[in-house]
Amino acid sequence: MEFLVRQENNLPQLPTDEAAQIKSAERTYAQELRDRGILKRLWRIPGTRTAVGWYEVEDATELHDVLSNLPTFPWQSITVEALATHPQEQVLAGSNPSKAAKE
Amino acid sequence: MEFLVRQENNLPQLPTDEAAQIKSAERTYAQELRDRGILKRLWRIPGTRTAVGWYEVEDATELHDVLSNLPTFPWQSITVEALATHPQEQVLAGSNPSKAAKE
Amino acid sequence: MEFLVRQENNLPQLPTDEAAQIKSAERTYAQELRDRGILKRLWRIPGTRTAVGWYEVEDATELHDVLSNLPTFPWQSITVEALATHPQEQVLAGSNPSKAAKE
Amino acid sequence: MEFLVRQENNLPQLPTDEAAQIKSAERTYAQELRDRGILKRLWRIPGTRTAVGWYEVEDATELHDVLSNLPTFPWQSITVEALATHPQEQVLAGSNPSKAAKE
Amino acid sequence: MEFLVRQENNLPQLPTDEAAQIKSAERTYAQELRDRGILKRLWRIPGTRTAVGWYEVEDATELHDVLSNLPTFPWQSITVEALATHPQEQVLAGSNPSKAAKE
Amino acid sequence: MEFLVRQENNLPQLPTDEAAQIKSAERTYAQELRDRGILKRLWRIPGTRTAVGWYEVEDATELHDVLSNLPTFPWQSITVEALATHPQEQVLAGSNPSKAAKE
Amino acid sequence: MEFLVRQENNLPQLPTDEAAQIKSAERTYAQELRDRGILKRLWRIPGTRTAVGWYEVEDATELHDVLSNLPTFPWQSITVEALATHPQEQVLAGSNPSKAAKE
Amino acid sequence: MEFLVRQENNLPQLPTDEAAQIKSAERTYAQELRDRGILKRLWRIPGTRTAVGWYEVEDATELHDVLSNLPTFPWQSITVEALATHPQEQVLAGSNPSKAAKE
Amino acid sequence: MEFLVRQENNLPQLPTDEAAQIKSAERTYAQELRDRGILKRLWRIPGTRTAVGWYEVEDATELHDVLSNLPTFPWQSITVEALATHPQEQVLAGSNPSKAAKE
Amino acid sequence: MEFLVRQENNLPQLPTDEAAQIKSAERTYAQELRDRGILKRLWRIPGTRTAVGWYEVEDATELHDVLSNLPTFPWQSITVEALATHPQEQVLAGSNPSKAAKE
């Protein structure tokens, strides 16, 4: 299931070593999420420390697991938005879109 | 997966027959959702025509199918909130809560 | 009477011992609320430290007693929403729904 | 249990007869609520068609019954706020305030 | 003139002695406001440190005097709402409601 | 007592005669409020049909009487804000500012 | 340049023929936008008639051209959010991320 | 004095002739405002019928005159924001920036 | 040109001497603004440390100069609203109101 | 591409030397942005430490580079708004406005 996730990073000014360590861990973890097909795309809201991510996970419980393990999680203010597949995507994917749902 | 759904009903004043027919269809459909284990609980916000429902479905796509087939859907203003299982519920259910997620 | 309670936990970084003690007390207290039939269900808003709970108490005064005794109460930002029984629940429970209330 | 109820009246311009009938029914009903001890006090927000009322009812379900039977209910936009008894009121009433609740 | 006053108490964690002294002064002052007929009723918003009060004073200037002398005023975030007498209250009080004002 | 009143005028397009009559009545009434010392000052929010007025009346009940008799009242969306006298104004007026109120 | 576009569809109830024609034109146009590489992904907000789209265009002027030509544009309420490329995407794409921008 | 003006155009669907006449008058008036040095720059918020304009006028009263004479004024929802000259602009213009104002 | 200015004072608890010095400077400066005809009127929002002021200055640049020189400026959170002269004020002042502006 | 950028400066009280150094670097950088044709205009919101700027850059990624290199960036709270060229500007510039976009 897909989610749009808005992550506002409020990391305070930390000692250089600690900050570098957290950023490095963050990069490694983000790469791992990409390798597992969980993090599909990440954008930056210009002028801010906020990122918007497109995630695909099993459900909201897995999403919380994934986000709460971010090395910067203690300093993140996060909001998530559940996404339904749009009928157009179903058509493109070659499957029959749900007859039931109203476009 | 569980959702909290807020349904504000803006049904206009319709001819008596039409209104009765829509309400009857709505009750039948709600009963069907309960029988299928999708609608777990429904509350009324006092003083309003807004209901809050606790739903359990496969994912957001099934939720949209379910909601867009409500007989009153054309007059509903709906917002949904994705819910993760709380570690406490996992303990109660006898399973091991996720080690990964921060409580 | 039923309430929907949104509990945003702003617990600061405490010494490990103190944090463990508070969390343990919180778990014990939550279990006690469940045993007394007060806390019916608890969910996690994914990506956050916010929980949503469905409570059943005598009235708003008992609800305040219950919430203000949470070990984490000094760090919680809480909002509550009073819930009326929906006519559909009354039907399911075998009782006659109120004739007076408009569905 | 006590509630603070905000009632925004959006009654459209109706034929004189119909409007007079609705207003008369509204006054009669409000008087009945006072006689039953349900409507404790009513205020007007100056410059508006909004009233704020202090109600005492059994619970949110009775409150919804009471409000949904207002003759002007179809044109009201209503919000309610659940109220707990303040420890100071308990002292004044001669009873022992709850030991459990934090002031 | 009547006011609805919302008082959000942000009193920080103070030394036990100081906190006890402030709370005691607050109780004494509140009792004095009741004896003078200024504080008519006080409620607690459940789950919060916010109180809602119904005050009757000469005007907004006296209200500010009254509130700014609360022992906890430096830690309060307060909003006030001016209330007009509702025609229904005037009827109940045996006086003729204003002919001029539109109900 | 003084109030700041924000009056958003939503007068629809009426027949020329009716519109002229309403506007003329509005001007006459505003002049009367000035003569009675009630309307102290009126401003226009640029680019809008909203006016901001500084009123001085006995209390909120008189303010509601005054505003609800505006010829355009049925089409106005109004909000009011109660104002306390600032200590500086009291000094200027030659009276002793309240000793009690905190500046 | 990438944009996140939120499209709330307020299409009124139209005659069946007209509605079918608009929906068909909408599908054709959406397919054209995909073929041109402009519309990268479309999601449905569950329970609503709102879609969220990920677009890639030359700039905001081209985005306005693209959106204002939607057959349903007259009934859409649209908000757009400009997106900067996140340094992580630049790494993945094999290019050197900007040295200048702070992550 | 400079203003930032946000103009949301809610022009309904009018007969073709009437719409063309209004648009033509709008263009002529906008050109006149440019010639008089009042309208400095106009932008379109992508995906919307909202324009943002940079105006330079004598004061807010002249701004209201200018905006209320827009042929589309009856269908515009407008908000304005007063702008002070930034010290940097004063430096660029070769004049001495105000000594008094804090940058 | 006239402005409505909302000044929320967040002055922290300072040493007695320093606080007294700032308050004294503030009073002197406010008196100077009155003598210069800039500060026309000041009100207190009851229950708060917020003041609302009616200012008359040359333009927004002079207003910023005036406000940024308040001794308490570093602790103020300020919002300003530009005001156009209302046609009624122009009539009262004996001048012909603008023919151009729509009332 | 053009952007409207709102920059709220929350620079804390720093040692005099450090503050002077940051301000000097800020001025130098702003001048550089002007020389490069990126910063077209800067305004001050009166009574605040907020500036509004009109920028022209390649795209949102370059805008983020430009803003995140501001010497005061760590203390800025920034929001940006993407701007499309208005058809009127295209006419003025002598080019044919887009046939496709609806005015």
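Just so it is clear, A, B, C, D, E, F, G, H, I and J label the chains in written order, and each chain counts residues from 1 on its own.
Note that a contact is a pair of C-beta atoms (placed from the backbone, for glycine too) under 8 Å apart; a residue touches a chain by one contact, two chains touch by 3 or more.
Treat the numbers as computed from the prediction; the structure is a model and nothing was measured.
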**Chains contacting each of chain D and chain J, listed by label** = none
**Message:** Comparing the two chain pairs, does H-I have more C-beta contacts than A-J, or is it the other way round?
**Reply:** H-I
**Of all other chains, the one whose Cα centre sits farthest from chain A** = F
**Message:** Validating interface symmetry: for the copies chain E and chain F, is the fraction of residue numbers used by both over half? Same or different.
**Reply:** same
**Farthest-lying chain, centroid of Cα atoms versus that of chain C** = H
**Request:** Could you put a whole-Å number on the gap between the CA centroids of chain A and chain G?
**Result:** 19
**Request:** For chain D and chain G, let me know how many angstrom lie between their CA-based centres, rounded off.
**Result:** 46
**Request:** Return the distance between the CA-based centres of chain F and chain H, expressed in whole Å.
**Result:** 29
**chain A: positions in contact with at least two other chains** = 2-3, 44-46, 60-61, 63-64, 68, 80-85
**Interchain contacts (touch definition) - all pairs** = A-B, A-C, A-G, A-J, B-C, B-D, B-G, C-D, C-E, D-E, D-F, E-F, E-I, F-H, F-I, G-H, G-J, H-I, H-J, I-J
**Item:** chain G-facing residues of chain B, complex
**Value:** 3, 5, 7, 60-61, 63-64, 67-68, 74, 76, 78-80
**Complete:** Within the complex, chain D is touched by chain B residues 13, 44-48
**Asked** In the complex formed with chain G, which residues of chain A make contact?
**Response** 2, 4, 23, 27, 30, 34, 41-46, 51-52, 54, 81-89, 92, 103
**Asked** Which of the residues in chain G come into contact with chain J in the complex?
**Response** 1-3, 59-61, 63-65, 68-69, 73, 80, 82-85, 98, 100-102
